[in-house]
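Look for chain A in each of the two complexes below; its partner is chain B in the first and chain C in the second.
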Partner chain A sequence: MDIVLAAAADAFTWQALLAIVIGTWAGIIIGGLPGLGSVVGLTIFLPFTFGMDVITSMALLIGVYCGSVYGGSITAILINTPGTPQAAATTFDGYPMTQQGRVGEALGWATFASFFGGVLSCVMLIIGAPQLAKFAVNFGSIEVFALVCLAMLCIVGVSQGSTLKGILCGMMGFLFSMVGSDPITGADRFTFGQYALSSGLTLIPVVVGAFALSEVFVRFASRDDEAARIPEARLTFPGLRDIGRRLIELIRGSFIGGLIGALPGTGAAAAAFISYASAQKLSPRRKNLGKGEPDGIIASESSNNAVTGSSFIPTLALGIPGDVVTAMMMGAMVIHGITPGVRLMADQAQTVYSLFVVLIIVNVAMLILSKPSVGLFRYLFKLPQGFVMGGIVMFSFIGAVSVRGNPLDLVVAAVTGLLAYVLRRGGYPLAPLVIGMVLGPELESSLRRGLLISRGDFSAFFTHSTIASVLFILIALFIAGTLWSGFTQWRKDRAASESPAA
Partner chain B sequence: MNALRHSLVAVALVGITQSAAADNLDIVVPFAAGGATDIVARSFEPIFSEQLGVTSVIRNVAGASATVGTAEVADSEGNPNIIGYEPAGALSIQPSLKDLPYGPDSFTYVCRTVSNPMFLMVSKDSDIDSIDQLIEESQEYPFLYGSSGPGTLPHLAMAALTVKSDLQAQHVPYSGSGPAMNALAGNEIQIMADTETILENYDLKPLAVFAEERIEGYDDVPTFGELGMQDLDFAVWQGIVAPKGISQERADEFAEACRATVESDRFETFADKAKANIAYLGAEEFEAFVARRVEINKQVLKDAGLAE
Partner chain C sequence: MTSTLFHPRVLTALALLLVGAGLSVTAWQGPADAMLVPRFVLAIWCAAALVVLIGELIRRAPMPRVSRSPLPLLMAAVLIAAVATASLGFLIPVLPLVALTLWLFRVRQPLWLALGTLILGGGLWFLFHHVLLIRLPTLLTNGLI
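For the complex of A and B:
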């Protein structure tokens, strides 16, 4: 108990609290600006932490990280442009709600779901880190392959209108992700002999092009249309009764995010898509999803913020960073003389407990700072639309190039933007393209590693472990369920079209 | 409090210097911010620029196994205001593996900063205790060894071992040391070659070291030479290169600043924390060292069927 109190005392110093406030607020704003996401935010703040003590620097970085994951939802809801790839799934219901004039409600749910997911995942981290870490270790390449296959199925759910068009876009995203070095042999492929292309296409420039730039083009084309104006940003928190009604959704989303966050290499964007797909199967209001249903926002935002806490599980319990963001955190720890690894929890218990306290304070700070942040965006979006759009283009390009400093990414963003505009005009959904980009590399490398491990025998995948078998059964059920509901729909349609003729 | 004040001053200074100084020194780090190489570079940078008397900016140019950033340095021929903080792979492996716009002779070599020998390790739970036992058990059922990616040093060291011994093992690449460690913990792979940092951070057991002599602190870990396998000498090192065509005077300035940085107490304290093993080589020795490594690595790649 003493150690917990000492840890809390470390986290409640004024330096740490100030760092949390600055970090979280900056994170929300960076996350809200299209193109600038978690990694860019952390890169900006990392050098400042060199002169701080451990807890303060962790507080600043965790604030930026959690804030940026939440911040992405603000622009996703207001202008149909996710500020970060993690918030891409928030646009599905967030923007329709905005078009219906329910901005305050949408932002309120996004904020509350983010807070809820963040706190629940902290609890998971505190209570279950060792067990979850053990569970994550059992997730080998074959299990990851099964999980990614399951996640890929959500393309069907998010392709509003035409499944075929959705699958086509998904394949296109998958193909984009293959450009560059082969993950197993290291050989260059799809580079057309151009050295510049050998570094491959990465997620941020494609997301920036597909969502932010194409949105700017669409708005430019319809600039005289009153309906496309950016509404005034407001934030109305949901009432207790509403929260109670949707509590199951909040818990399910947070749980999915928490579990996926604990697995190395999947990340918040994938969690949001998987959670959204599960809401499409399980929410009592699933018929309204995609048309402005708060459950969709809850599914996306609770799960992507739940990743923030649980992504520390492999880092703290095993010293294995789950994604780029936790890898950067690990780097910051090393600078301060803490070496993450299997003995971190035992050797540095007080520091680890302080991190837990910091994570919880950050989520509370996020809830409090949401109002002023939304206020700031309201102020920004009151500027003439031309300035706003100009700003979005500028930040998009800064974000695209700042991830890895590669000029190729500017070209990629611009070309994807044009391509996405054409696709949108043709009624092709863009989310599958991003899903293909997010999941493609993991799908491919886990499949090929799995084949190396099973010595080329694919049938061994199904019986490799209980987890793998369960996941493959879920996939089969999902496909059967989708085909069956498609079939009954088709029969109903046919009956309806035949009866007036008869 | 002091720390916070420093940070605020740093914010202000960054703002001022960004706008004022036109001839900043660009230090290209060919990895994304926050990685293992980046952290050493960021600790190296403030001391180095102090020694050189300039303002410097670290620029992360990542991609294609660190060759994109390295190519940018090579491409800046004659520019005295750019250097690269380079990993071993981009200088001594990738040029033999891929068609790159640069080669080992595209640079003015400045210095080698750190070098960490690699160990061959298995999980601590494993019942294998020696290389002989490992080789023997692999005859019945081949092992799988992990790496942090195709064409990385962990891959190369193991590939060389399978060529030079009877070890039966196949390569499974991961997207970094972290995921590979996860796989080792889950027994998806059984062997991994990596540095002391990895060895200390995870539950691992070293069987042998890829070095000519035993390593301090690991006195009971034999070298491959002692086990009768010659020329298995692999280390993860980093160094500074500048583009070709800069003046001798500038090259000497860089070399002198690098030597002073590496010998400074501040850098030593950091290196100790990060378990980076300081291994300074001056300009000429570094150039000769890289040339030798390129030849050795090329031979390994050929023998293992990874390159023509």
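For the complex of A and C:
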């Protein structure tokens, strides 16, 4: 109990509260601007945290993260353009409600469902993370290797239908993480005689290039402009009776998001679609879904915001990021001296509990700040796109170079930006690149330590312990399932193309 | 067939395959212990790139319309500014880059262009470098600019 009180005291400092307010508000705005999602928001705000203490910096970043996930729903409802991929399912019922003149009601349900999902996932995090951490201390090098292999398979989940391209990008990220001195033998790898590359590539410049700079290029190439189409936006919170009528939908969506968030590699976008699909089957008002039914918004928004809390379970307790955003958060934690993983709950319990408290405060702040933020959108959408893009370029440059003050990181960010643009144009998903870069070093070091333990015998990995065996069986089942679903899809496509109608 | 070969998606897949193959040569020439995992990773890279290349060749996606766009100019400016930072410091390369970005995104009124460049370029640099004391690369050793 003492540790919880001490953690709450850490989270209730004026600096942390100010960081929460600024981060959440900025997150809502950034999330609401189409194309600028959670990753860009975190990229922009990361450099601001370098001079801050751990809790204040994490409060700012968690605020940006949670705020941006909610903010994505605002443009989804107002202009049928989700600000973030997580809010894509919100458009199904949000925009029809706007067309029916029920924009305030739609925004109100989106806000309340986001708050409800976020708070419920915090409770899941508080209960789930310590239990998982206790179990996680049984993990040695071989078990960690098996677990990271399993997490690597999440590349398939985030590859958006192009699994092979996802694997290719995952390997690219993995290889990025290997540039520099080998941590075990000290031999240079892929430095091509350049001394500057010996210290390796860091995650942030790669992420800045891959997501923020390439976004500028993509938006310049597409020249889309969402300005000037914004309807008058006013937010109306639902009444208690309405909340009571839809409580089951709120709880169901939040639980789905909470559970999916705890699985590495799924993410908030997947959670929102799965929750929406469940509402299509289980909601008493399912016939109205897709035509402007608040249950659709509740399903999407409660689940995608529930992911924000529960995605910290694998990140904090096992050191495995659930998606690109948590991979970035993990990178930020490492920069600030928090090392996510099996020892975190034992070594830095107070810090972890402070993060839990921060998460709850962020969700309350999101509820309070939603009304002025929605009002601000009317003005923000009138700002020329050039200023937004110029700002992104500047923040990207600052974010890339300020991690370790090395100008080489800026070149890395720029080159990655160009590469990412080409990859995006070619239909290659970028999330696997970041996942590969984050998980790569852990996969390699656990494999090589495991080989030392087993005296070079890789077959011993499969029989080393029950945990390792179960994890390898899960990996085999996942691969078999993916291959089988790919095969059945191929057969369906083939049958469709050979049918007389085709 | 020739037009299929010059499709951007095919060229991207081919480039990835060639890069993977080139890096594989480096990996196989390096020390066995340190290059154990990279060799494995590059084998998967090359295999995936080969299958993607074959897939792109079979798919025969329609050729995208070639249009003259100043995008390469923006890309080159980003790269040049990034490279120049090491020798010119942060502020000097970034100011023309921000101005060019604003210009290309149709902020062309001289007053807005100048204000945008000063606030976004100079203002943010000043905020981070001199107010928040996050040291960005400098031209002068005393750190002023």
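The criterion applied here is as follows: the second predicted complex is superposed on the first by the 276 of 502 C-alpha atoms of A that agree within 3 Å, B and C clash if a C-alpha of one lies under 4 Å from a C-alpha of the other, contacts with A are read in each partner's own complex, and residues count from 1 in each chain.
As a convention for this text, a residue touches a chain if its C-beta (ideal position, glycine included) is under 8 Å from a C-beta of that chain, and two chains touch if they have at least 3 such contacts.
Computed from a predicted model, the values in this text were never measured in an experiment.
Asks: In the overlaid three-chain picture, which partner chain does A:P384 touch, first (chain B) or second (chain C), both, or neither?
Replies: Only chain C is touched by A:P384; chain B is not.
Asks: Can A:V403 be said to touch chain B (first), chain C (second), both, or neither?
Replies: It touches chain B, and chain C stays clear.
Asks: Identify the partner contact of A:I184: answer first if only chain B is touched, second if only chain C is, both if each is, neither if none is.
Replies: Once the two structures are laid over each other on A, A:I184 reaches both partners.
Asks: Is A:G426 contacted by the first partner chain B, the second partner chain C, both or neither?
Replies: It touches chain C, and chain B stays clear.
Asks: Mind working out whether A:P47 is in touch with chain B, chain C, both or neither, as first, second, both or neither?
Replies: After superposition on chain A, A:P47 lies in contact with both partners, chain B and chain C.
Asks: Could you say whether A:V411 touches chain B, chain C, both of them, or neither, answering first, second, both or neither?
Replies: Touch status of A:V411: second partner only.
Asks: State which residues of chain A lie in both footprints, the one left by chain B and the one left by chain C.
Replies: Shared contact residues on chain A: 47-48, 50-51, 182, 184-185, 187, 405.
Asks: Taking the touch rule as given, give the residues of chain B at its contact with chain A in the complex, in rising order.
Replies: Interface residues on chain B, with respect to chain A: 1, 3-4, 6-7, 10-11, 14, 32-36, 38-39, 42-43, 59-65, 67-69, 71, 97-101, 144, 149-151, 170-176, 178-179, 181-183, 185-186, 188, 197, 200-203, 270, 273-275.
Asks: Give every residue of chain C touching chain A within the complex, in rising order.
Replies: It comes out as residues 8-9, 12-13, 16, 23, 26, 30-31, 33-38, 41-42, 44-45, 48-49, 51-52, 55, 69, 71, 74-75, 78-79, 81-83, 85-86, 90, 94, 97-98, 101-107, 112, 116-117, 120-121, 124-125, 128, 132-137.
Asks: Across the complex, what residues on chain A touch chain B?
Replies: Listed in rising order, the residues of chain A that touch chain B are 15, 18-19, 39, 42-43, 46-53, 56, 136-141, 180-188, 195, 198-200, 202, 264-265, 314, 318-321, 324, 327-328, 330-332, 334-335, 337, 339-342, 403-406, 445, 449, 452-453.
Asks: Of all residues in chain A, which touch chain C in the complex?
Replies: 47-48, 50-51, 164-165, 167-168, 171-172, 174-175, 178, 182, 184-185, 187, 189-190, 192, 213, 216-217, 220-221, 384-387, 389-391, 393-395, 397-398, 401-402, 405, 407-408, 410-411, 413-415, 417-418, 421-423, 425-428, 443-444, 447-448
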